[in-house]
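The structure's right below; bear with me while I get my questions together.
Going in written order, the chains are labelled A, B, C and D, and every chain counts its residues from 1.
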Amino acid sequence: MIARASREIASGMVVNLGIGLPTKVIDHLPADFPVCLHTENGLTGIGPTLPPDQADRNLIDAGGAYVSTVPGSAFFDSATSFAMVRSGRLDLTMLGAFEVSSQGDLANWKIPGKFSPGVGGGIELAQKARRVVVLTTHTDRAGNPKLKDECTLPLTARGCVSRIFTEMAVIDVTPKGYALVEIAEGISLAEVREATGAPLTIPDTTRPVF
Amino acid sequence: MIARASREIASGMVVNLGIGLPTKVIDHLPADFPVCLHTENGLTGIGPTLPPDQADRNLIDAGGAYVSTVPGSAFFDSATSFAMVRSGRLDLTMLGAFEVSSQGDLANWKIPGKFSPGVGGGIELAQKARRVVVLTTHTDRAGNPKLKDECTLPLTARGCVSRIFTEMAVIDVTPKGYALVEIAEGISLAEVREATGAPLTIPDTTRPVF
Amino acid sequence: MKLPDKRCDMAAAVARIKDGATVMVGGFGVPGTPMALIHALVDHGARDLTLIKNDANEPGMGLDHLLQSGQVTRLITTHLGLNSHAIDLMNSGRIKVEFNAQGMLAERIRAGGAGIGAVLSDIGIGTELAEGKQVVEVDGKPHLVETALRADFALIHADRADTFGNLAYVATARNFNPLMAMAATHVIVEAETVTPLGALDADAVHTSGVFVDHVTELGALSKEYAVVQR
Amino acid sequence: MKLPDKRCDMAAAVARIKDGATVMVGGFGVPGTPMALIHALVDHGARDLTLIKNDANEPGMGLDHLLQSGQVTRLITTHLGLNSHAIDLMNSGRIKVEFNAQGMLAERIRAGGAGIGAVLSDIGIGTELAEGKQVVEVDGKPHLVETALRADFALIHADRADTFGNLAYVATARNFNPLMAMAATHVIVEAETVTPLGALDADAVHTSGVFVDHVTELGALSKEYAVVQR
């Protein structure tokens, strides 16, 4: 799933990887792949994550991990960092999700009464990156679908999600709702349908397996 | 007049000197006087003006003069430069004038049909510096008063001027209109009154001569 | 002409902060958080503070000291995910918390520093963060009025300062510091090194000293500035 | 991961500018004005352009070449005082000129670069520059809606660039360049030197390469870049 998601990154893109699963996408990119990673707290050109004994105390990503630079990195303030996001210079962001709706609405920051640490930079990434894809488990810990007709949790942004990567499938959000793109090896169509909380279009063409 | 105006600059101030007469005020400040000069095109800590053969092609003030730096100068972009102005970090600006009104309105950028090169940075300096003083000839080339009851030309800003320095007098703008502060050596009260286009309060106290 | 000297004792600078003041605090996580100034403010003891900071650090670190000492009434922030203590204070109503989208917090502070009244933005439209905000149309599209934020004081961490208060930050310790350094009536800076005038390259200054009121040099850095061991 | 290479032939970069385009041009007087890119645009010949620049340089210099070649329909600017030729074109109706307060032009461009719709400002209230502008109250006080400016292209002059398009400016040649480099769909940079990746200090970069699309290196500088002899 992470490896499959990494193929979403095209040559020359500027990409922001959200906290959690998306961050792991880095590990699947070839060393010489032409891409620029952005982090909200003020860096373009993120390099590999470092262990504590090699870390620079002043160099973290937005998730608090100690990262490094690459040749050509640049630092800037938080206003400039979000200027990049809002003015359309992010080609792609990969985000986690609590819920996605079949119209592409995203909820990933608040569970009223349980979890409300604040929205951070998520709204702007979701609303303004040129392409927003979600990396998430197909269901929550209780087994309930995260892909729904409508979100029940407070929204991060409306109609922003283009594609969803889960351990079971790659699913696009289309004007007609969810559409299966690829399916994981060993997973059946019935299992994906069962775990998805809204109608799922199955194209007639051959479905690649990942 | 220029020397007198230079005494308006107190220790520790941040000051912007407008194009023309105000720029000459620099020459009257002692070498070690603690002051920071600002120019709109992106420099705090202006140093002396340089002749063409010593000039740096990339270092000018807002009037186009080739200037220099001092120890501790800083460069920044035009948005940051006016952030300083609008957020109240300029203690004083000295500007030229076509007309001033007895309420402190300033007109110094446009003479309809004759002269309309654009307002440049004048509006923000006039409206937002903590103190605005004007350096000007007392009358225009035709001998008409520049200090009037009301401005007839398009305004730069309303109610902004605190004090006016001319070759004849130092005059404050007060809630009751113009008030004489000092008079130039060899000038009579009658001459100042004659050259001023609005009532002028003469305080009973001794008037310093400059 | 010579640029004024703004060096100042840290305790004396912080002693100007009165009860009820609004205080901006730089930093995103540990980098750029003015740990020493925060301790000085705890020692000073001003109460009923409104704080503006991206995050509340972690329990027992940075901003959390001011939460633990009970000096804070209100917190304007973007994310408290790493500070369960702050979330407890919020949930139990002992502090009021206003959450902003991170880039809008940055933009509102910058607006305060730029002397403009507000920015008009479409960020958060259709979400609960839009609730209660004035809506204005620009080019036929609805925008939220995001009002400028200013503070009575800003507490800033810089890598280097000169005696006039020109500042340079390092790596991701820059974050909100240059924005907050523009947006407060009194700007107090702790710098890891204070250099003579002229030691900072004029092209490499990140914050002009014109925005800065007081500069103090940090001695040896406390453990709070170090890499966090998790 | 390796940052992409954005080096490009200058004529090829400028050839993308179509008739009717809006083009931002950096510079305040000579410093920071992309003289070579302006000549390339004259050679390319796109017409009916809307230009956004602080000033129009002086007769026979910089932006004036585009005015003389008749490629410009509209000019958004702050001050034409040094270019009598531009004033003649304006007064005779051959170009339309929109004057902005200088700081508001900077702020409108920055707003475009920051992806916000407008800023609310009290600058110019009570003057003719306020005429025709929408008024919104903030905290009970009237503010003008100063809409964001974006362009199809920005022509930028930098002192140094690396191959990814990270930029560093020098002295007062910075001015509007970093703002315009954020506010256009296609950002074309002429740099006095283009360096390999890693040659610019990450803390001293003024414009991240993320904002930049095309980088070209200037050879020997023409006389137009030199100190003006008056």
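As a working rule, a residue touches a chain if its C-beta (ideal position, glycine included) is under 8 Å from a C-beta of that chain, and two chains touch if they have at least 3 such contacts.
By chain, UniProt protein names: A, B = Putative succinyl-CoA:3-ketoacid coenzyme A transferase subunit B; C, D = 3-oxoadipate CoA-transferase subunit A.
Quick caveat: nothing in here was measured; it's all calculated off a predicted structure.
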item	value
Longest centre-to-centre distance from subunit C, chain (CA-based)	B
Chain centre separation in whole Å, for subunit D relative to subunit A (CA means)	35
Separation of mean Cα positions, subunit C and subunit A [Å, integer]	29
Centre-of-Cα separation between subunit B and subunit A, whole angstrom	56
Multi-partner residues of subunit D (each touching 2 or more other chains)	107, 114, 116, 121-122, 169-171, 174, 202-203
Subunit A, residues touching no fewer than two other chains	43, 75-76, 79, 82-83, 85-86, 128
Pairwise touch network: line, ring, star, complete, or other	other
Chains touching one another, given as label pairs in label order	A-C, A-D, B-C, B-D, C-D
Footprint of subunit C on subunit A - complex, ascending	39-43, 52, 55-62, 64, 66, 75-79, 81-83, 85-86, 116-124, 127-128, 154-158
Touching residues on subunit D, where the partner in the complex is subunit C	107, 111, 114, 116-122, 134, 136, 138-139, 141, 143, 145, 147, 168-171, 174, 201-204
Subunit C residues touching subunit A - in the complex, by the definition given at the top	28-32, 54, 77-82, 87, 97, 99-107, 109-110, 121-124, 126-129, 159, 169-179, 206, 225-230
Interfacial residue positions of subunit A with respect to subunit D in the complex	11-12, 14, 26, 29, 31-38, 43-47, 69-76, 79-80, 82-89, 128
Interfacial residue positions of subunit D with respect to subunit A in the complex	1-5, 112-116, 162-164, 166, 182-183, 196-198, 200, 202-203, 205, 208-211
